[in-house]
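Shared chain: chain A. Partners: chain B in the first complex, chain C in the second.
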Partner chain A sequence: MVRVVRTKVEIEGRTHEEVVVVEGEEPAAWAAGELHHVGQATVRVDGVERVTGSARYTSDMQLPGMLYAAVARCPHPHARLRSLDTRAAEALPGVRAILTHENAPPIPWHGKASRVFDTELRHEGDEIAAVAADDPETAERAARLIRAEYEVLPYVIDAEVAMRPDAVQVHPDGNVLKDEDGNEGETYTRGDVAKGFGAADVVFEGRFSTAAQMHNALETHGSVVAWDGPTLTIYDSTQAIFNVRNRLAQSLGLPLTDVRVIKNYVGGAFGAKLGAYKQTLIAALLARSTGRPIHLMLDRRAENLVAGHRAPSIQHIKVGARKDGTLTALEMRIICPIGAFGMWAPSVGGPAKEMYTIPNMHIQTFGVRVHTGSHSAFRAPGYVEGAVALEGALDEIAAQLGLDPLAIRLKNYAAKDPGSDQAFTAKHLDECYRRGAERFGWAGLRKDLTAARKASGAGSAGTALLRGIGMASQNWGGGGGPTAQALCRINSDGSVDVQCGSQDLGTGTRTVLAQIAADALHLGMDRVRVLLGDTDKPYAPLSGGSMTVASVGPAVRMAADEARKQLLEIASAFMDTAPDRLEIRDGRIVRQGQADRSMSIADVLKEIGDYQIIGKGFRGPNPPEIIRTWGAQFAEVTVDPVTGHVQVVRMTGVYDTGRVINPLTYTSQIHGGIVQGMGLAVTEGRTLDPTSGKSLNANLEEYKLPTIADLPQIDVTWIGEPDFQANHLGAKGIGEPPIIPTPAAIANAVADALGVRVFDLPITPERVLTALAGGMA
Partner chain B sequence: MAEEIQLRVNGQAHNVTLPATRTLLDALRGDLGLTGTKKVCDQGQCGACTVLRDGMAVYSCLTLAIECGDSEITTIEGLAAPDGTLHPIQQAFLDCDGLQCGFCTPGQVLAAKALLDRRPQPTAADITRGMAGNLCRCGAYPGIIRAVEQAAQRGAGTSPAHSQAGASGGG
Partner chain C sequence: MDPFEHHNAATVAGAIELLTGNATGAQAARPISGGTDLLTTMKAGLRAPVRLVNLKTVRGLDSIVDYAGTLRLGALVTLDTLEHNGLVAERYRALADAAGLAASPQLRNMGTLGGNLAQESRCAYYRNADFPCWLKGGTVCYAREGDNAHHAVFTDDSPCVTVHPSDPATALLALDATLTIQGAAGERRVPIGDFFTLPRADHRQLTILGPADLITGIELPPLPAARSASRYLKAMDRATWSFALAGVAVALTWTAPGSGLIESVRIALGGVAPVPRRAAAAEDYLVGKQLNAATAAEAGRLAVQGAASLAHNAYKVRLLAGLVARALAATVPT
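On to the complex of A and B.
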């Protein structure tokens, strides 16, 4: 019997209501005493494949008769395609097919704003043609031989310019995204801002900005596709196999049964691979016209032009506080250029709305279309950027009032959600602060640095390294929710496979799910295989929004629980004992209290022949309370006043995300978030040439990813208290939380070191020296 | 222009005909099906395609296949033993979680191998220098450093790749 219930689900900072189909009963909260694998540091179950090179990623797929494809792209930020001449490309030996707007079906893309090959090209890298050839070199050469004539059109890449009424229009409906009522931008209000500022003793006002951060996953986006009769199989470098399936089925007019999407391994994603990209459709069309499988991976340049990025942000922020540090009001005006086809604005205002008890607030967020490739989700989109302004403003207020930055955060600590006054399922952020400050040595360092600065004379233009410390807070969802389904199958030899259409991005999902299944089955992990990344498996959501553990984990536990119960019910027939008097111990089925009365699982299964025991599990609804993850980070930096170089010396991170399933991969997630956040803070940013509208660093040489030489000392710990109100595992996500406070904490530490704030990220040497010069003028 | 050459990879000789412009990376992946070596930037900027050429770490995307006729190439597929026993460096990357998505891992492991062959007991600065040419976008650097340290402690610097051991044993 299935039932239908409604529940709230949060993803990427946005909450919506979802209908859940519920069947049977979810298991009860999982007590620590029942666990042998969950909670233990566990080496990845697919680690051997990853260290031996035998893991097959999408780009490694080689199918019989496969052709390689390359895409010809528009070099201008905005142009109309006048004519195409493909004759030279066609004449190249080994070229098997060329698709352009003239011979490809006009399949809509980017909603209805464009189509697979358009003649109005709205960003550098927009697709004009694609070639399939016998080998990659021929495909690339042919793509270069396609001659295109353009009418070059005026463009706009600056969001503030694009907001002006006389700006060049990216689309006929205007450059600024509209809210449900048709107004430009999104507006959030609570309390009375004017009154709030009236009650303030001090006010800080500033303009922060963050740059476009490129994901640059090491495996580019791409697909390997093959038709088998009416059925399309797609190997895709994605974090959302079901989204890709839905989109391709819709675009090609196929039933879902005829599209299968497989992703066994993906070489990084970070939010940029949450849906189908145009190259997958192009590959499917080329495969159809040639009758051969197609391998189409983006090159590094295209990856940087068309495969998404963290939208830049401009954030005007104003914060008021009373003398004791109580925050009274906050105002923000946020502008994010979202590229030519962006459909949403990142939740840059999220941290301001949720982090502290600020009673009066007015936030406006403008998503602005410009002539660049579209933005996409990037690990906690909006919150990373928003934390920079919010946490920076808090430090500025604290400095005006002579307060410890940590003290002002505790002063405005939100025990309930400040917007809705609803309770959280769990919040131990105060404990994160306390432990973090202690491990980092916050109070002692603050005292030492203050004393040292007094001794050396503040503002002296020396050449000695400047040292500073800073901290920042983090909140995010990560509670997950329905829909997620799983199967657990016990084979006739006693081996177990868990089947679920989730994806392991390198986050450790397979390992965590194997730990959960093994504990639910009361078996060792060596018996359990977790099969993911295939739309032939039951539905699981995209792997993003820090939601996998909390969404898929409970479904897997329930499926494995069901399978174990069935096994015991079957055993009861052969052991002449009620199933509830039986248990699994060391691979045997044992009568409780009578260790001598037992039967091996293999013997029980032998009795039932080829019958496969199949347990079903699903993710149940969320509770009415608000589910959040929490954390605090502390940063120590040195700044060279001569070169302007910022060195992040040390980071401490303390996290509260409920129960930790696998401390080994959990720690790796935090390391990764901190390293990526450090990139955003000090080195990473797309550089657009204002005079041509083109990217100047669409590569890994001039776009500066953090290297091993940039690595700070990183100290990580967690609270680990299970959040059973959130779900019966008590676990929440850690994918995104660790990147959120990092840039803010580093920017605050740099401001502490310099005695003057750099408001624009990345904090490049040039910006440091400019700030120092301004500070000394 | 197609050229016929012999490529010696992981102790095995392969006769291949390929264009003079083909990189060692494309030859390994496309012609020999050794897809453990990854193409990431194809411009010598990231280190993911690192292989050993006569024991030295090289970027296979910046090496033409036809240059390698006289060389012994070791790829990630040549490191573990045929029975699946991991090379100590691979085992260390696994134990220390010196990876996340794993796409840079083959290059990282071979860079570590070249480093430890050269300096069996590396200092922290040696590790940073030896591994700085290999980007990891997941940020698994702390685990990578621990893995190189662990591998060094376990004497990986004196442990040949399986294919190297086989080649020297036979020759």
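On to the complex of A and C.
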């Protein structure tokens, strides 16, 4: 019996309604007593392949007769293509095909705003032609030999300039994204802001900014594609195989049966690989025109120009509070340049809306199109940036009132969702604060630092290291939801495979799902293989939004549970016992209470010959309550007043994301989030040349990722209380939460160390020294 | 990258012959040792040499020899070796520190001292083939009006505002090194201060090296053992693996062991001009002075005299003054 149910699903700060097809009944809340693998620190089931190099990533794929492709790109932020001369490239020995706007089908891209090869080029790196050749060097040389003549057009890269009525237009419908009513920007209001500020005893107002952060996954974007008759197989560097399949099928006019997308191992994605990119379509077209498989990977420069980034943000924030620290009003005006083809604005206002009980609020968010490559999701898009302004403003208010930053957060603690007044399924953030402060030594350090500063006399004229501490809170979704499906198959030899079209980003999905399946089957993990990353498997969502464990995990558990039940039902015929009196223990099927009455699984399966037991599972609807994940981070920094260098010395993170399936991969996620957040806080940022609009650091030399020497000591712990209202595993996502409070906590710690705030991130030596010089270096 | 010939040189003379007169400009033949700089320029499309001449096959270019107190370093000594060699660390600590603070472990394993001194500008405009900048033969220095947060603060002497990227160069300038250069016309000995050249309209490069010139050795003069010290300090925009925002090398001699009184001093500044430069006014001021916090700070102030910063790098002037004072203070025996 199939039923249809409506439910709400939150992803990346936006909630939508989803229709769920429900077949059968989901298992009940999973009690701790039933678990042997879930909750245990478990090394990655695919760790050996990954570290020995036998794991094949997209660029490792070698297919018979394969050609290599390279893309020729526009060097200008805005230009019209006048003419193309491909003769020199064609004459190069080994060149097999060249595609341009003149011979490629005009397949729409970026919605309807552009085509696979357009003649109006709206950002540096926009594609003008592609070459397929016998080897990568020839393809790259040929791409360089394509002569293009451009009419260079006026451009705009500054979002505030692009918002002006007389600005250069990126598209005919205006630079600023419009809301459903056709107004520029998105507006969120609650209460009465004027009244709220009227009731405030203190007000803080400031302008914060964050830079464009590049994902820089080790594995760049790219595809290896092959046609076999009418069917197209795509090995794609993606975190969303079904999105790639849908998009390519639509672009090429193929039925879904004729497009298969495979991604077995992912070399990092961080949100930049949530859909099909143009190079995949280009590869498919080149493969069709040459009749040969095509290998097309982006180089590091192209990766940085066309494959997404975290949009920069400019955040004007105003916060009011009463003397006792009660927040009365908040106003934000948020501007995010989203690139030439950005279609959404990041949820920079998310933290402000949900984190504290602020009764009066007005937030405007402007997504502004500019002549750069488009932004994309990047690990908690918007929330990371928004936390910087919100948590920074809170510290400034606390300082004005002489309050402990932790105290003002507890004072405005939101037990319910402050916007809707709806309940949360679970919230233990207060416990995160308490444990974090204790582990970090917050109160003692604050006292010591205050005393030391008094003793040395305020001011930063010295040359000794300045020390400071700061903290910040985190809220995020991560509750997941439908649709996710899985199959669990028990083979005739008793081995089990779990089949699911999810992806393992490197986060440990395969391992976590194996733990879940093993516990649902009452079997050891050595029996279970988890097969992911193939659109021939049942549907699973993109690996993003911190939703994989909470979306796919329940479906896998249900599929495995169903398979186990079928096995017991089959065994009951041979053991002359009702199935509900049978259980699996140490690989045998045992009659409850009678350990001597048992049968090995192998013997049961032998009885049924080649029949495969197949269990089906799905992810059911979400509850009406709001599902959130929570956390707090504490940072200690030193700042060198001579060099301006910020060293993050130590970070403590405490998380509340429900049950923890695998403490080992969970901890890895938090380490990674903190490191990536630290990059945004102190070292990373795209730089664009103000006079030409071109990127100056589309490489790993000038774009400064944190190195090992930059890393702090990281101390991680969690609450671990299962959230069974959220789903029957009680688990929620940890993918994005750990990056959210990191830049805010570090920026607050730097402000504490300097005695003056650096409002613009990254907090570079230039900005530190400029701030110490009183705003003028 | 375009195809090229690759030759293993057997001798310095053979290498020079292979480098002589086959192509000019971006296509000119180039010597290669570690390749950590040259290969990046080839990948970026800045250089497309028709021929590479491998120096690693020339014997003896990676030796470190002590000649009666003068230390002779072969041009192919790697930065890693410089960092860890006992003689260098003991007598010329500024050089060991500069080598250790350069690049990353992988790059230090490959990169050689000669190549490090001959490396090209790291200015983002210079390195991007899309910008036909002045140093590459164009008419405009894009950094002057563009993003110049990492550029020169002594900008009056050259149309180009790049900074020299080498850390060892700054240390060698303070240590008064002499380079041995071999070319078609034979061998020359060049004080390091004369090796680096401010780029001019008719000489758009940062060194005196001609297309068939090779650095073969670097000589460090003796320093009085018990009464001298040297240090190199570097400021970066992350903890490691970055070119210097500013680098300061100091080498000084006390009047007597433990006197604290300066007999002579050389201060070299890196990352602040197209070539490493001496802080002459600061040096003159310090001679005969007791080194303490006040005199070190005054030397720092004098070291930045004449600085003319650009729109985004005024912070480097402060930084440089502070770093000079700190480097001097670090030489005081504890």
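The criterion applied here is as follows: the second predicted complex is superposed on the first by the 773 of 777 C-alpha atoms of A that agree within 3 Å, B and C clash if a C-alpha of one lies under 4 Å from a C-alpha of the other, contacts with A are read in each partner's own complex, and residues count from 1 in each chain.
Here, contacts are C-beta pairs under 8 Å (C-beta built on N, C-alpha and C of every residue); 3 or more make two chains touch, one makes a residue touch a chain.
Just so you know, these numbers come straight off a predicted model, no measurement behind them.
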Kindly classify A:Ala602 by the partners it touches after superposition: chain B alone (first), chain C alone (second), both, or neither?
neither
Go through the superposed model and pick first if A:Gly672 touches only chain B, second if only chain C, both, or neither.
first
Based on the superposed arrangement, let me know which partner A:Ala578 touches: chain B (first), chain C (second), both, or neither?
neither
Just chain B (first), just chain C (second), both, or neither: which does A:Glu766 touch?
second
Have a look at where A:Ala709 lands relative to chain B and chain C in the superposition and call it first, second, both or neither.
both
Contact-wise, after the overlay, does A:Thr507 reach chain B, chain C, both or neither (first, second, both, neither)?
first
Who wins on chain A residues touched, chain B or chain C?
B
For A:Ala29, decide between first (touching chain B), second (touching chain C), both and neither.
neither
Quick one: classify A:Leu664 as touching chain B (first), chain C (second), both or neither.
first
Applying the document's definition of touch, where does A:Ala194 land relative to chain B and chain C: first, second, both, or neither?
neither
Would you tell me the residues on chain A in contact with chain B in one complex that are also in contact with chain C in the other?
137, 701, 706-707, 709
Report the residues of chain A in contact with chain C in the complex, numbered from low to high.
75, 137, 140-141, 144, 463, 641-645, 647, 682-683, 687-692, 694, 696-697, 701-702, 704, 706-707, 709-710, 764-766, 769-770, 773, 776-777
If we count contacts the way the header does, which residues on chain C are in touch with chain A in the complex?
1-2, 40, 45, 104, 122, 124-125, 128, 130-131, 142, 145-147, 149, 235-242, 245, 312-315, 317-319, 322-323, 325-326
Spell out the part of chain A that touches chain B in their complex, as residue ranges.
43-44, 47-57, 59-60, 62, 135-137, 215-220, 265-270, 297, 299-300, 505-508, 664-665, 667-669, 671-676, 699-701, 705-709, 711, 714
Which of the residues in chain B come into contact with chain A in the complex?
19, 21-22, 26, 29-30, 33-43, 45-46, 48, 75-77, 79-80, 84, 86, 90-91, 93-95, 97, 99-106, 109, 127-129, 131-132, 134-145
